[in-house]
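Below are two complexes that have chain A in common, paired first with chain B and then with chain C.
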Partner chain A sequence: MSEMTNTFSNQKPVNVGFGILIVLLYIFLMAPLVMIIGASFTNGMMIEFPPQGFSWRWYIEFFERKDLVDGLLMSLRIGAITAVVTMTVAMMAAMAGQVISGKLSGWFQLGMTLPLLVPELLTAVGLLFFLYKIQMAKTVMGLQMGHILMSFPYAYVSIAAAIRQVPASLEEASASLGATGWQTFRLVILPLVMPGLAMGGIFSFINSFDLYTISLLLKPLGGNTLPLALFDFLTYEFKPTAAAAATLSILLSIGGVALVQKLVGLQRAF
Partner chain B sequence: MSLRNPKLLLAIPAVALIFVFMILPITNMIEMSFRTPGHSEPFGDDYTTMHYDRILSDGYYWGVLGRSLLTAGAVTLLCLIVSYPIAWHMSKAKGLKAVFLYACIASPLMTGVLVRNFGWMIAAALNGPLNETLLALGMIERPLRLLFTQGLVILALVHVFVPFMVLPINNALRNISPTLIEASSSMGATRREVFRDIILPLSFPGIYPGMILVYVLAVAAYVTPALLGGQMVSYMPTLIIGELTGTFQWPFGSALAIVLSVSTILVVGLFTALTSRLMERSKA
Partner chain C sequence: MATVEVRDLRKRYQDFLALDGVSLKAESGQLVTLLGPSGCGKSTTLRCLAGFLEANGGEITVDGESILGTPANRRGFGVVFQNYALFPHMTVAENIGYGLKLQKLPKAEIETRVHDVMKLVRLDGLRDRLPRAISGGQQQRVALARALVLKPKLLLLDEPLANLDARLRDEVRWLIRDLQQQSGITAFYVTHDQSEAMAMSDMVAVMKAGRVAQFATPREIYQKPVERYVADFTGEANFIPCQSVISMGDGRYEIKAAGAKLELSGVPGIAGPAELLLRPEALELTSPSAGTFAGKVTKSAFLGAALHCEITLQDGSVLKLTAPPNHQVAPGEEVGIAIDHSHAWLMPEVAP
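Coming up: the complex of A and B.
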């Protein structure tokens, strides 16, 4: 397994015990996801695990429920806009961050990741008041701004890490060969940071898709995101349709994980 | 740093985003907490300290605050206990196995909190897997009502925050040079001594930020207590959101949020002071 365990190979019982512990901990991590996916295929009327039989009926029911499908579409739309905006703004900020040096650089990083470090609840409450003051309360635009703010750090961290890998000498070489700043960006920097940029967009999109607290407080009139619609559904109906909706959301995140692995490798991403 | 570098201008949209939509609004919340209650509007025109007086003089709010702070503390400690072995195991893995383990951490992390909590609702059903397991192990004689209990809230919160703890500890462990461990064990250190004197101190740079991040986020977690906590027990975040969306008492809700934030900062400060003293002592 490793250098450590080889060095102490005379202590086998400890390793077996540790192995069991690790397996249990991973079961703990994956259990909620597995139970949701399982429960979504039940043929019975109740949300239960293990499921009764197998059927697609709750997926069909999900797509027939206007409130849930509207929530899904709204979440997808807000997530897509969030991804595009945060990728652009974060790309610019990461390029600026490169020319900041010394102590200020640390403060800049901290500032850029602030929405991740301050509890969502506080940001949400503050934004609720602020949007009220500028007369954007209960609008889709206001909710969109909240999502952009909350997802920005994810885009920034990914893109800043990618841009740090680009050697400064490449930029200098490009400039000395007569390329303009824009040409250097488009032909030299952009292709090199593309995987990191795409990863930032994926993280940003998925984070927006999952946000709950901020959406609850900034909820526009007559509009629900999928998590909001799902919460209401769980509170009032609690049918396997919810498991089908949640499974779609899990598939999205697993897809995201797979894409990130393909783009930059999970080990470098986390 | 040269302020004349035009590249710096590229930071303007990001700085504006965070300043205008986050720093300004949160500062605004402090002002809001001193406003008088409104009648037709969610807040009044004058200033008062009545909301703080009300919170600090009412044992109910102290109780809820204490519950929130203690629950987050329990969640943080349990997270550490669960995360350390995972991080240790992960830090040793290479190749495909490492990819698989990272995926096991990343998939829950990238799934929404609401969805994951819903998974625990299924697990905690009266005839669900949790009860079945406890029955099979002989730990209980008849199924327990697990839903809407504090224990389930803690369990679900631990699940939410474990990845936040695993990743920094894993990174710290990966930075420990294997030669350091080999050297000390070849010099006769026992497995336990190597762990206590080398690995544990060197993983502290991962443990410390992990614990603070989890604590700060757990104190203010709203979804989990709202969905799994039921109506009987209140936590500060559910109380705050109730004031803001249910009764529209914005100044009072703000005061609650400020009290929660200040208490959290105090706890984190105390923790930092204690651990830095502990670190110094272990160095000496």
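Coming up: the complex of A and C.
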């Protein structure tokens, strides 16, 4: 904070306005998080802010509710599989994208990020029809496919950016020193893109964890992801258990971001 | 040690002909320079040699055997890149030992060979540094060591000095030449710097629009160029058009140029129009009556070690020459120019 005040006093007044804007923006972004985390520790019976007293009771209740815990486990499992699959496929796609040149390259990039551009609902409806056609509607596998599809662009963008940073001459140098394509990939490319790859996987996981619309349409019979379970829950009971669940989700996301920070920070490559 | 022959190499990109029949030969232990401006095909030729590009036609043989079917990673050639292409996540020693590790050699042997080559390129004490923590000159020496440690049959250098500042350039240049001669490795060297090409090479190929304009020793390239393009690219040069050319056979000619009659050597078999090449060092200022040519000084500049003059001849052509620094010339003065006939050279006029 002292640094900020310092900057303010040294700069022209126009920067004070800019600084205030940034602070307001942060308040706007952070307020819901602060409120939901605060509300989860209330001792009262309603989701409210500021909380009344302090207790862990809603966390205990969350873990005692089978529907919510099942939803959490389902979301974690689907998110993990989504992360692994999208990392692998996006890595291959990004490497292919490197080789494609000229006009085609632009179209390829666009195609890879298409799920971001098409409204989620449309993708979900289209996929649902397709899954009915191949007799896989309302199965966990179908839901998993939807999540992979929706999360792929996040992994792709991050990994493609990392691969673009690796000069082509490194691959040529490696080949001239006797490496096969696989050796070059394992010893040169993979270590260099690892931060981007990990970031892509974590983004993909977080995105999957958060998907609602597509999960609603594709959810398997008798199965719920955490966002669906929470929404069902809130429809009938407006209890701080939901706030506790939300806080856990936030913690998971922050954990992911911290992991990225740590991985990228530890990398000595760039 | 290897003899390398490139015959009629062709490479086409969509609508651009990058190589239009390149032929070259490097004898065992020679350093051959590919010299030319950007876009002339010198790097493309090198990349075909390395196996990074596939040629559309022609042949490359090493010791008589074709290598076009062999992928880059099995050619056993060392490549040094303009941007060094060091692996940024590996230390200096790991970079140099990379190829040895791929060959699955025992750790102790890798250790000694890396140590020895590091000494050779004077990198002692830097083995655990990362590439980004050492200077450009050191990085290029790591790249050189990384290629040399595998004892390659052929060393390919793609403008290895282009990213270095002038002082380092000199140092690394001599290091490359010394190592190449000590080890007797055949080498191809790509550059657009004529002084680099002159100083280092056994043979120089001057390239022009996907072809080899001339392939000869540095001395021949400089003193006996086959066309104006080559002469221009290899140093300061004056050209004077000839009014008449009479061939006397054996590459000797009698010509008339700028009001003077001369007998001199030239490219054998000139039939059409020709021009006279006069390097600045073949010219000497004399009194107006004594020289071969007479003209007027239009510019003179004192450069310290020499005096640089421009003289306009009677027919309007301009000659640049270097005179001793204490020579007295003033612009507007009438002077004569004496020619060292052994350094005058006749070339056919060819479209540039």
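Everything that follows uses one rule, which is that the second predicted complex is superposed on the first by the 238 of 270 C-alpha atoms of A that agree within 3 Å, B and C clash if a C-alpha of one lies under 4 Å from a C-alpha of the other, contacts with A are read in each partner's own complex, and residues count from 1 in each chain.
Convention: contacts are C-beta pairs under 8 Å (C-beta built on N, C-alpha and C of every residue); 3 or more make two chains touch, one makes a residue touch a chain.
Just so you know, these numbers come straight off a predicted model, no measurement behind them.
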Quiz item: chain B versus chain C on the shared chain A, clash or fit?
Solution: fit
Quiz item: Which holds for A:I148: it touches chain B only (first), chain C only (second), both, or neither?
Solution: first
Practice problem: Once the structures are superposed on A, label A:V99 by its partner contacts, choosing first (chain B), second (chain C), both or neither. | Solution: first
Quiz item: First (chain B), second (chain C), both or neither: which does A:A160 touch?
Solution: neither
Quiz prompt | Touching partner for A:G178 - first (chain B), second (chain C), both, neither | solution = second
Quiz prompt | Degrees between the directions from chain A toward chain B and toward chain C, using C-alpha centres, nearest 10 | solution = 100
Self-check item: First (chain B), second (chain C), both or neither touched by A:V193
Solution: neither
Exercise. Could you say whether A:M87 touches chain B, chain C, both of them, or neither, answering first, second, both or neither?
Key: neither
Practice problem: Identify the partner contact of A:L33: answer first if only chain B is touched, second if only chain C is, both if each is, neither if none is. | Solution: first
Self-check item: chain B or chain C, by number of chain A residues touched
Solution: B
Practice problem: Name the contact category of A:S169: first (chain B only), second (chain C only), both, or neither. | Solution: second
Quiz item: chain B and chain C, closest CA-CA distance after overlay, in Å?
Solution: 9
Quiz item: Just which bits of chain A does chain B share with chain C as contact spots?
Solution: 267, 269-270
Self-check item: Of all residues in chain C, those that touch chain A in their complex
Solution: 50-52, 71-79, 81, 83, 85-89, 98-99, 102-103, 130, 143, 146-147, 150, 156
Practice problem: Please give the residue numbers of chain A that touch chain B in the complex, ascending. | Solution: 1-4, 7-8, 11, 18, 21-22, 25-26, 28-33, 35-36, 39, 47-49, 89-90, 92-93, 95-102, 104, 108, 111-112, 114-115, 117-123, 125-130, 132-133, 145-146, 148-149, 152, 156, 203, 206, 209-213, 216-217, 227, 230-231, 234, 242-243, 246, 249-250, 253-254, 256-257, 260-261, 265-267, 269-270
Practice problem: Flag every residue of chain B that touches chain A in the complex, lowest number first. | Solution: 1-2, 5, 7-11, 13-15, 17-18, 21-29, 32, 42, 82, 85-86, 89, 92, 98-99, 102-108, 110-123, 125, 127-129, 159, 162, 167, 178, 181-182, 185, 191, 213, 216-217, 219-223, 227, 237, 240-241, 244-245, 250, 253-254, 257, 261
Quiz item: Along chain A, where are the residues that touch chain C in the complex?
Solution: 167, 169-170, 172-180, 183, 187-188, 191-192, 267-270
